[in-house]
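Take a look at the structures listed below.
Two complexes come next, and they have one chain in common, chain A, joined by chain B in the first and chain C in the second.
Here is the complex of A and B:
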């Protein structure tokens, strides 16, 4: 009897908890696109169907447990089949499912319609960052985790957007149909922003398509959703949705910045400049595997500090950064970093943490190498 | 075929004698050799159960490392590399080392007793299939000590993370999985041979207890899909060591092919871990409701329907990999269909209780909790079937909540229910009542405190398999971690219950539970080493 009362109390408590479950931060976000709202409503419909079925089934079960207790002298009936009842409780769920499948099919068809996009973005997953390329606009950049390591280790207090902040967000115009073309340079990643209801795997060798039409300006945060190795937790997605005019301005700014950077290739860079830029690039691109202090994580990620082979063979060092090492986790940075960045990071690696080669690599040399290979 | 091989074992021809350890005057090996050489289904069943309990604690410790790290945001206890090894090993050990061997152990003990057979049909094979397991899992665990660490790519080991980008120990992981797979296939062949050939005279298929039925179907699933797993890991082995490119896009391979192959194994595998649970619960609920199981025939058909559907739903694990629309729709519809036979089962259990005469002994408590909690897992499964919504649920803690509800408060609770139900038969003593009740209640509280908040953290946007998370998920994770430690600690009570039960306690008669009907309750408690050496007189009480 006591046992039963506890069961009943438990059932009531979970029923009472249901409204709380619908409060903000406990449920799927409604989001800011038509698709995200459709998905949210499908989610809520199926949720309430489950609640109703649960109340009926568990209600009948707890009623039986309470009413037909052996301790109360209940005598068991002898029935053990009832064809019409069994047919009914097979047929009714079937009908509910058909009713559920209709709106789900419609939503899915809409989600798969990637035609007639206003803007195409190539999204490339890399261990462990995202690269965005505005196709036809000649604007491309990588987006790295913006949270400082000190916050992760607990040395500093964690900020409001801990692990959900990046150095450069993906900027998108509101009201436009943006087609996302997703692929990966290494393992499978998954690009996910809950408020946009877009989750799509980025798979090496495949180009997946999805699309989004954001309705409200704002900053929308998400994460990689597919286990992609060590720093899977540390490759967030941040989308900044802005009005069309602001977006056009931003594109122009980006193009100018790229042009300026391109000019940097031709001039002679000083050691200090290269080291400063190199440290920055190293921190955002290399440090997650080779560690901030260059000690690496052997055997997968070799140490760079005190690496004699690296110091002895500058050409091989450069070609490793440009073309990667096939069959290993070292990616090719040919399309990810520009000539200035490659020159700077190689210089930095050859002169930091007690590596005292003293040599520097000029962006012009790298630019030449990149052109030769093309 | 069965009619040409009548089950008429006599002491001279009994399989036990053939194994060289019955009453024929041979000296019975003692100590370690007794267990290494045993061909007795009860002893092998016990070995399986003890092995599975050991693995359950090892896998549980791995889970607690994960939960301890996730107690708070930030990296406190372990680094991401090790964290990934812990999540991976937890999954592998629990699936292949704890849940599956526990069911095989229960089958070894109970299938011959429930069908009136003297032993398993192939006793030496039985010995071999058990002893492969310690080899497989020692090898698997040893990878943690190898350079570069153990498997760190999740228990689903998606390529190319598990091939090109995997630690060097992956080859050992593949070998250990091959060995465990051979063990499963051999075990399944044995169970099918036993059920089809060794039933007591007069016991038709539709007279078999549901645990036997569900295991028969499960065994066919195992034979069908374990070779697919063997194939896919062999392809990995080739990619890693012999320069092939099955899953390497740079060599013209296809990483998505891996997922199709894996889940063609993986989804039936999920049902391999739940169908025998249905069988256990279908034995316990009638016993403690003192009423025959409602809809026996529909239970059998529902089990078969679930098994067949399990081959047609695999790509619902892959809704966001970029399947064509038609495939997406097909797998959504077939997945939704599974709710129908599963619903039939739950309705039948409730109808069995309706107008019964119900008492709440420990096995019944666990079985009732199974029905409720498994149904919760079924509901979230139905939600996940809705493909558009799955674009939000996929790879989040909502999925973690779903499959843990099916596997822990589901399958594991059914295993615990079965253990409490049959402990009197195994040991001759009832489990200690108070301790059992404490174990039950602490487990129920712990398991729900662990897994229920995961629904919320998943819906709020927390991806799975991350060692560190954004601040808005912190409260859910505190609850889950506290629950996990409570649940883990309360399983020590289970060990205590077993030890006490083996050593003594209230004596159990042959028919340990008032409402129990199946054949195992006709042999003494504890069951002697050899039972049904002459076939029992079986009178079906089910009139179909």
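Here is the complex of A and C:
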């Protein structure tokens, strides 16, 4: 009887702990999609099955240890086998496992069913940022870490969403089935957003598929979940789920901005606007390796400030940014940056931090180079 | 043969009576057991495949 009371107290304590665990973020999140809720309830069902088995098995063991102890004159049994008991303790775990496999398989099947999507998005991992392409919509952009460098170096207080904020989030409509096609340009990354119950590897040369149907508007944050190099911790994922109307507006805005940017290629750019744009681009894509002050981190990441070879050879400087340097950490930015951004960042690098070449590179020149090579 | 199949099924589950085990090992014809093992192995694989096909529908 006393043992039974102890068990009941244990059960009550665990039941009381569940909401506390949820409130403290110790447990996995319930999430905001049907799939994430399925996964959460599977997780909880299996957790409680484990708790019940654990209480029964350890309860029986400790009870036997105590009740049949040597000092009370207990004698060990000497029988050899008991076929029916052995069959029972083999069959029960078998049934439990099959019982757990049935709902788990149903959920897994649903997770893999990427058919009939309303919207397709190509997600490309790059060292160290994510690129999103809305297929069939002519909208594409890269999403870079938004946390200021001062917070990372410790010069400033860390913000609320430290290392979980980006310059441009992935915007998705709620209620729509969105198919994600994941791949990578360099090494293996993994696109992970706990609230959406998606953690999918992005592998160079492969396209993995996954899908989400978000039910509540909101901002959902995640990270790269596959160690991918120096700035693995600095390529977060931020998904902004909005109502369909808001999404359509956003898409139109993006398309207009892209059209305006395309027009910008043809006109003559002034030095000041190139420098301003270049500083912005440098900060989001170059500074993580070549440092905000251009001093680099030799030998892997050469200094750009005071780099005579760079100043002497503007053509090579441009081609390095466009095509990268094979065999080194320098990636090709041909598909990441557009002509305006490349022209601006090259101009910036040739005129910042005491580099006084006075060169300005026009977006139209870069556009020509990009077309030639294709 | 039937006895060999029963022993193979007991081996699948991992539980066997000691008396039955002695009986099996008294027999001098391992071929029967090997044949029964292969047969039941194939039956098991076909069963699993069938369940998978039904579940995937």
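As a working rule, the second predicted complex is superposed on the first by the 320 of 374 C-alpha atoms of A that agree within 3 Å, B and C clash if a C-alpha of one lies under 4 Å from a C-alpha of the other, contacts with A are read in each partner's own complex, and residues count from 1 in each chain.
Convention: a residue touches a chain if its C-beta (ideal position, glycine included) is under 8 Å from a C-beta of that chain, and two chains touch if they have at least 3 such contacts.
Quantities reported herein were computed from a predicted structural model and do not represent experimental measurements.
J.: If you stack the two complexes on chain A, which partner ends up touching A:90: first (chain B), second (chain C), both, or neither?
T.: Both: A:90 reaches chain B and chain C.
J.: Looking at the overlay, what does A:111 touch: chain B (first), chain C (second), both, or neither?
T.: A:111 contacts chain B only, not chain C.
J.: Quick one: chain B or chain C, who's touching more of chain A?
T.: Residues of chain A touched, chain B against chain C: more for B.
J.: According to the stated criteria, A:337 is in contact with first (chain B), second (chain C), both, or neither; which is it?
T.: neither
J.: Have a look at where A:80 lands relative to chain B and chain C in the superposition and call it first, second, both or neither.
T.: Both partners, chain B and chain C.
J.: For A:145, is the partner it touches chain B (first), chain C (second), both, or none of the two (neither)?
T.: After superposing on A, A:145 lies clear of both chain B and chain C.
J.: Per the contact definition in the header, classify A:235: touching chain B only (first), chain C only (second), both, or neither.
T.: neither
J.: Which of the two partners, first being chain B and second being chain C, lies in contact with A:162: first, second, both, or neither?
T.: So A:162 only meets chain B here.
J.: Residue overlap on chain A between the chain B contact set and the chain C contact set?
T.: 80-81, 86, 90, 105, 109
J.: Given the complex with chain A, which residues does chain C contribute to the contact?
T.: So the residues of chain C in touch with chain A come to 13-18, 55-56.
J.: Any idea which chain B residues touch chain A in the complex?
T.: 73-76, 80-81, 84, 147-148, 152-154, 158, 160-161, 164-165, 167-168, 249-250, 253-256, 289-298, 320-322, 325, 328-329, 332-333, 336-337, 339-340, 343-344, 346-347, 349-360, 365, 368, 371-372, 375-376, 379, 382-383, 386-389, 391-392, 394-396, 441, 455-456, 459-461, 463-472
J.: Help me check something: in the complex, which residues belonging to chain A touch chain B?
T.: Touching chain B: residues 3-4, 6-7, 21, 25-29, 38-39, 42-43, 46-47, 49-50, 53-54, 57-58, 60-61, 64-65, 68-71, 74-82, 85-86, 89-90, 93-94, 97, 100-101, 104-105, 107-109, 111-112, 127, 151-154, 158, 160-164, 186-188, 190, 192, 194, 197-201, 203-206, 208-209, 222-234, 297, 299-300, 326-329 of chain A.
J.: Which stretch or stretches of chain A touch chain C in the complex?
T.: It comes out as residues 80-81, 83, 86-87, 90-91, 105, 109.
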